[in-house]
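Data block below; observations after.
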């Protein structure tokens, strides 16, 4: 039920269809906008469970390339009858995903902003609307768009490290989470927690995130894989068809809302992000990040 | 405001109008689709409180007969000015109600499915929209449609026995709770708990149900009656008119949604239940239940 | 975005524009419907934080005069670029606000009811939709309309005195909270808590209100000012523009609903309040209050 997007390109070039760990090199000239080295995908055909492991150093930021690869990978799994569930996790220490790549939103053309935003929408439409069981194994910090990925799954397990934080902190950057980020958040934590957290741009430590219901469970790092597998098995014990119809019933209203307002949402993003004041605060934020690293 | 249903039949035959415990035998030929021995109704005119006690052995399953009797009984009380509140409970040990009677959904005609589903809708419209104070005294397990009855009351007290469970477990049977079961559930436990519980088809033990807000209170078995009476008295202390308008304000959106889509919902039920795959999984489930008993 | 109201009158007469503690006497003949001695407003320009302190003895009831002064004060602050946040609290011991002034609803003309109700709506539209950060420092009991004021702020801190209570207790008086009171309440505490609390007309003690999420935090009386200032500083640390857009995104649906049905809501109020049965129960309630005092 996901509407046609910009992303079903290069699909036929992907070689990892039936769980090959190392896709052969792609003819890059034919696939400019795409790289397949930002996410490692493994499918265990015996259990029907795939793992998507983000490995885009240094912080798994959601660039256009990353989003494109994410969507193609997810679509491949969605269409693969051997795959019933996906675990989403990170191969980068301490970071699940840092969220939308700010460089994609700074000093670029209107066309680029449109393409980028459409890819962000596409990612969410496919993940939130996925027919597969989706479990986020949040093994590091997960601000903004990284949090959205976790929120869009069916279940969230987070490593109990209090240094890891998660939240929709857009307001801290002077920007505003779009309505469908908000809708997804409200569906998980309720209106009041969302209202306060979004206005403050809060990043919640793992224990606090658990208390608020933003994540379902905390585990020690060394138990994450075992626990994630157990949760996935519990969800896969249900008949697919009934589970999928139930999931769709719960999420349809919110998915339909973006589908109905997709172009408008892109125009809103472009006009907001093109403002000089916003560009300035994003540049300041990026400089702050660079200094932090240095 | 409940729309005209199929059920105002045989009403005039009912003899228990003013709290007779033992209705006289009915001329069965005149009342084929109806029996009045599945629910015991007592009205205490001094307090204005009626008790509807399910006594349809072995498991108080919601057959067409049961639903018809339930609706007629409720309508009688609704129209009786001496009655301001209803306590719903079970006379069958360990079971509140096992939910919709699967035999009504297996190997029957399209007409039968339509009649049955309309009776299920009618039951919910009357109970969720009742002007009376409704308290569920859940003294046994209460899966699926049994859980819906409890969710549709104003207040839920459950016996704290951890062996008693409650939940909308339709997904376990390979079927899907209809949208108005879901709406009722979301209104009680919120979107997130409902999404997870419905997808997993969870049956929650009494303590867990209390933690999730699915029931309001747990009591030891021997305190159930006393506590139920005290809660009812608390609710009846409010002026009826203000309380009824407030209740209607809270529930109207969800009630109106079924009223607006009632025929469509019946057609959906028929086409879903008529599928060979669904019929097969219901037959398997019934065989499993029979073996369990054996 | 607040629609034009009845209240932008006498505005030019107000002398406290830039934080004067003692507004000069007003030529009363020119400003019949208005008094500016019910709320003390102070603006600290260094922090950008104003305090609105209710000082309308004996119980800060929301009379037409009080509401008018409240709206004018709020509008002044809203339009003052030096003001970014407002703390709402009481100068009357043990009472935050007792809610709508019942004398305005008893034995008056239809025109008076209309004017009064429009002022109640206006107060809520301005406060719930305020661009400023609004923090309620609830230092006393806060039933009905007093609770609504607290619910409409961004954050609620209550003195932990268990004798102080808060809630939408309209049902206790035989009247019904309007739909936008209900919407505001549901946005804070969720559907289930609201449904139960509104039907029972519950007044929750401070600890219970905190447990239900009706207030965000409890503090000892002597810490209230310090804590309120700290919370305000936390909210003001966010860039105004992003915070305001986020707040509007969260509250717009509910605000729009009243704007769309404003005249209808006034007519409903008039026809409800004009009923002899309602007038009678309000008179009884007022007599009870008088006896209590005596």
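Observations, loosely collected:
Order of writing sets the labels: A, B and C. Residues in every chain begin at 1.
Criterion: a residue touches a chain if its C-beta (ideal position, glycine included) is under 8 Å from a C-beta of that chain, and two chains touch if they have at least 3 such contacts.
Because the structure is predicted, anything quoted here is derived from the model rather than measured.
With chains as nodes and touching pairs as edges, the resulting graph is complete, every pair of chains being joined. Different-residue interface: chain A and chain B share under half of the residue numbers found at their contact. Centre-to-centre spacing of chain A and chain B amounts to 40 Å, using the average Cα coordinate of each chain.
Annotation for chain C: residues touching 2 or more other chains are 190.
Across the complex, chain A meets chain C through its residues 170-177, 179, 182, 190-192, 194-196, 198-201, 277, 281.
Within the complex formed with chain C, the residues of chain B that make contact are 154-155, 186-190, 213, 216, 234-235, 238-239, 241-243, 245-247, 249-251.
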